[in-house]
């Protein structure tokens, strides 16, 4: 709960939405070292990085476009009435600077940044970046104890390796995170999985370690409420991470992404599933794989930040 | 009912749809002063004007793009079988010329044009323009007696003012129209409202004067038929205006607009709600906020004119 | 059933999806005359031709864009687990070379190519091309005996003629095919028909010869499963052709087409209806009217090839 | 010379340029049969037709986009001060309706339309359409006596045939026009020819009949003034046609065309060459191959109509 | 001259160019009230405003897109070797918040902001906004004494009024500025003027008050060096403003603008003319009419900021 | 010299250019292992790889788009009359499969592929890929003896390292190649260098080792012929490599690239400089940094392949 005007975003009724240097949701920019850094409760962070992308690149441009689109967000949730920027001190913590030509160096930089965030008692809401981003983030957040995870995606990202042994790509982060005991696989649920498959190697792994996969066919058959009730039960009241790959949503609603799969949820459901997370104990969340070069209208970024607003409200609902 | 060949649109089986100077639905152009002006029963009018836009501009280009897309429309309704151009003498009345740099002058020009239309006994179907367009139109149509209104939108457009006192923007037309007694708030229903809010000032006003707001959550929960049954009941059999902001529809289906909100109805529902207006006493209707600069594929304009065709059929269903 | 490595597509885990000369689904290119032509069981064929288009052209560019997008397809069906490239020897048979300036010459070339395909015992899966493509294909496939047909489209394509007597356009193929006894009209079902109509001439013809039309309104009311159960019953276990016009799908999901109609099925339903064809005796299928110049994001092509993958699996489900 | 206000275009200072139904240069629409048809001196005509296109289609959409862009044109030439709409009665004569699926029928329709134009003493300025458009136009204009021609293009369009004997494509119009004695080859000059060639068949024909080809290399070496002085000498003071293929201009300046060739003149030179036609006896002119589907920014159409304005001024300079 | 690390931009060799919240040229954001405001020597300011636009709107989005593109700029001039961020303390002063629905209110806000800038001894480099932006800026800068001006544009912007008496549009700023004695017309030169004209009213005014107009034809004939030598002579060593409308450049190089005119300078000349300003006494400069909605590739914005970098270097060359 | 029909490309007069599986210039696909591999004299190779990109990614998609655009190329040079496909046996050798997530592994794969090409006596013409591509290629070609190089670019690509020590990026290949003695710096000329600079570190290196840098200012001042005469002299008659970064060309002509710089040569000059290479002893060449995600119109790819056609003709001119 904050009444500090410093942490209030600028209203579009005062300064038109198209004006001003775009920070996330028009919040103050409070980078590490800033005098108010210690007061931040929820930090919005950009990770402009896509070196783990095996297919069409672009998410390195995600944070900037998401910030731009985020100037369209207002201050109050339309359904619950929650005013997140009153509920907690929120700020834009800036971007983590990656090394685009070195995956290991970049992961080390990201983990170091998030260790600082965790140390300051800030809960992070990340704008990626491709899905490999989640791994170095989890290395900071799940270090103390394996986390549960609600994972929205059309892919499991549980593959062992690509291209003859490459262990770190955007198709492998959660395999690694389970192996590194950053995630508790029994408290992990993956929702929206679909599309033609290579083979069953990823699904076999999920089965072996106890990850629950809810395919999009099951999602469409049961409906969002029922599926999310199960998801809440799986993760329970322990610390939970939420990872949201924009390709969870049908590519017509979210064309700006690298590896789309036909037949996903629509934009209303894309928001609805996040609202159903209210009450969980969310220690961090991310929105990944938004790829501006494939998002000519900017609609994917706008959907992405609207989901981020829902994630923020979900984080603050408890 | 007309059998006058003058008022028949050109068929795409005779002249290909991409040929010819594009008028609305390939109808004859009958501007004020034309010898057949007095015979027109329903007039399609362009208002290329967006000076009330507080966010991303563009609707000034709407009428031209809507005319272009409208050459894809055919002569008979696919479900009801109604042939609107046989049912009434329809014509393109041309555009109202605005003054892009002066809001008050533009509003005066628009009201004057529509007074002429009303005087000639023509029912207007307007292609905007941003949503402020509805205000000067209502000043002509609702002058004699306050109208009921079915309003499709993601925003209430009931704000008092912007930017430190600015009373005339596309976020305020219906606040003004209620104040000016052009609308009877008890016969006004707003459908599809959604998205993050500034605060509750607009909704408090609605509540105070008796405007019924149906949020998109309620819309999705109850379904179009049920919601529209209530809408018909609210406006009843008195004179009613229909105002259709294209941002009622989900922005994936209608990206070409200035202030999109995620999670709206799909394109089928976008048509369905208009079909449910059959039998009402519609004295005029508008399609506003189509913004070509943000509609790279032209799909928004095509959706817009298909909705206009439905509006036309609804106007002629009684 | 094949275990021949020659007929296996290249995996995206070995060669990134963006690499390599793009053949359909990364299958081997086996044009007529190739030494393995006789071993092919299902042939994917491009027909880059749109001379029958009365409106916006472009499908002549369809096969190339569909091939490009098809490199995103993997080897196993996500729901049924079917591995089509193991189930049969599949290959890309290349394109039929049309004469863009002569409809009759082009149709003769196409029919000749498909006669060779039929003679080799290959079942064709065609990537058009506009919908007139289906006629010369049916002249090869339906020569021996009239076929049944499941036809997904927003238009009936049953018109007699355009532009004062033009008999061969993309609006007339199935009128001709019935007249030429290539199709058995009593075993033809058309699904998804919608939009403003010229008049009832096409529907009167359908009624007269016994073609079943399921409008999109009926489709949305009954749901895909129920509608497809009826479709299966209509075509029965005799030889059946499947013709899939991409404009069956709502234009928001498939903007890249020449004559869109608002209000169609979404992308999930677009796949679902094909899955419901499993068990039919499909002798050939086509995906037509994909028009790259109107598909700026490439999303229509990607949807198109995903449907083609479903069609392939349906062809191999029996 | 006209002072008739009927023939004056609407000024952008009165009605904003984005408003109004778009006719060519905001001139009155005077189709055959209109009471003022007989008073027109120069007629702007659309031929929305591209059935002769062997490569990427689209020019059928040219006239509409050119009309739209033409609302940006003003009333006075910036260099010479000529006011063309005062100098002669100019009007938009509408479009010739083609049959998109039949080349011969379309050519007959076009020639018939232009015979009516010639009979009325109107000089035509045509907006195509692909380059085959010029042939049926010349059949009306060059019927009485072969014309000279200044031809701006990157291709000679002098081929004998395509696709195994196809005589009528956009690569053959001037071969046919010479054979049909509509053009006097000794009075024909082709400027801007470039790009990789099939072989020398077209150039051999040019040499044999006496057509002068000025390649783009010669154009760049000598400069526009010198080249145009030669062009004027070649056609002399006899009746001359001007055919301007937008692909004369470098494709960066004019991307919206089907068969671009790298290395052409820039936009300034594109205008300059037309200004150098002043004083010739121009009986008609055309602007062809503008293809809106490949002109995402609309810049090609705007260049096209600016060239049309220059052509109009050149036609009126004598 | 500054060696203060606070005023150094972030290098793309440290933080990739796509990372970070985008300020102008990656300079520190120092808005009025900031503790370092008083130390700034050159301030880069955004004016996101286009209410004076009579044609296609969009420049209100200019500052944000220019900031984004400006992250591609590096620290040293490639030709002169000047390091502007070492030469003076430069900062991003943020945006002036306009009232999009009220021209007079917006102009008052802008003038007030610039009066503060002038009072602080900061020289402003403005990113518009449409060309009316220059007027309220000049009201602050030219208050004390009329300024000279080098004006790059395709239009004179010297009209008296539009739309029946509208005095404040983007076509009138310099007429007003001369009338208000903010500019000394004898020290004003306009370069690049071209395109079809309404009439001669603006040029007659220029002639009457002594403004020198150099048309693009003269520019191309004489070359940039010669023209700029004359320009330098006209403004002399007195205080001079530089106003750069992006439509000075040919629209192929700068499509993202509202009122393009064919035949302008190319991108190399666009930079060259600014380099020729070195040595003048420049008290302020602007880059206006960059319109992102018409700049799909972002190339216009990138050209715009490269010109801004040249303007900055020119301001610091003396 | 070859008269083998196997190596002849398919003519657009037989098969329309939009038809067929796109190989480079419609040549046969002859991958390593193919029975005709040993007969190839010039091999066109794709390297779909951009892991060295420090800024905007995308060149991994270059080869496919270049192949697609290359179907527009014909068989004979328009100026010299050379028929390259008669002059030598040319073939498309396919793509080298990179590992997108590992730079060293990818470089090893590329070098291995090119060693096979060199061993077979094939001269390679490469389609990249970002500019780091040139390094592993040179490791195969320059192994025996350091090569001379004509390098067209706006950047020197001679930096030591990025991001705190990263030695292998697209900004460093030629620093490495000189260090590894793959290039003889005294026989290296870099043409077109321009834009704002970080600092002088790269230019100091060039000076130290004897690389000749010709800035774009010098290029524009002296003209292409004069500059290229000096270039020919620098490399002499020894073995020479040609590396062509598409960002050599002005970004308006080649927007589809990651790190554009304003003010480069136009498209005509882009071809002209390659024609001036005739007579050199070219052992290999590349076209790099074509980035389809930033090339919405496809014009950059078309320019790229036209340059590749010129490179091919230059390679065969001796």
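Order of writing sets the labels: A, B, C, D, E and F. Residues in every chain begin at 1.
In this text, a contact is a pair of C-beta atoms (placed from the backbone, for glycine too) under 8 Å apart; a residue touches a chain by one contact, two chains touch by 3 or more.
Predicted model only: the values in this text are computed from it and were never measured.
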item: Any chain that touches chain E and chain C; value: A, B, D, F
item: Interchain centroid distance [CA atoms averaged], chain B/chain E, Å; value: 40
item: Whole-Å gap between the CA centroids of chain B and chain F; value: 55
item: Touching two or more other chains - residues of chain A; value: 14, 16, 18, 54, 56, 60-61, 100, 162-164, 252, 266, 294, 296
item: Category of the chain touch graph - line, ring, star, complete, other; value: other
item: Residues of chain C that touch chain A when the two form their complex; value: 11-14, 16-18, 72-79, 81, 252-253, 266-268, 270-271, 296-297, 299, 302-303, 306, 309
item: Chain D residues touching chain F - in the complex, by the definition given at the top; value: 54-56, 159, 162-164, 193-200, 215-217, 220, 250-252, 255, 259-260, 262-264, 266, 294, 296
item: Sites on chain C touched by chain F in the complex; value: 14-16, 18-23, 29, 46, 48, 60-61, 63-64, 67-68, 92, 94-95, 97-98, 100, 296
item: Of all residues in chain A, those that touch chain F in their complex; value: 50-54, 56-58, 60-61, 99-103, 105, 162-164, 166, 168-169, 293-294, 296
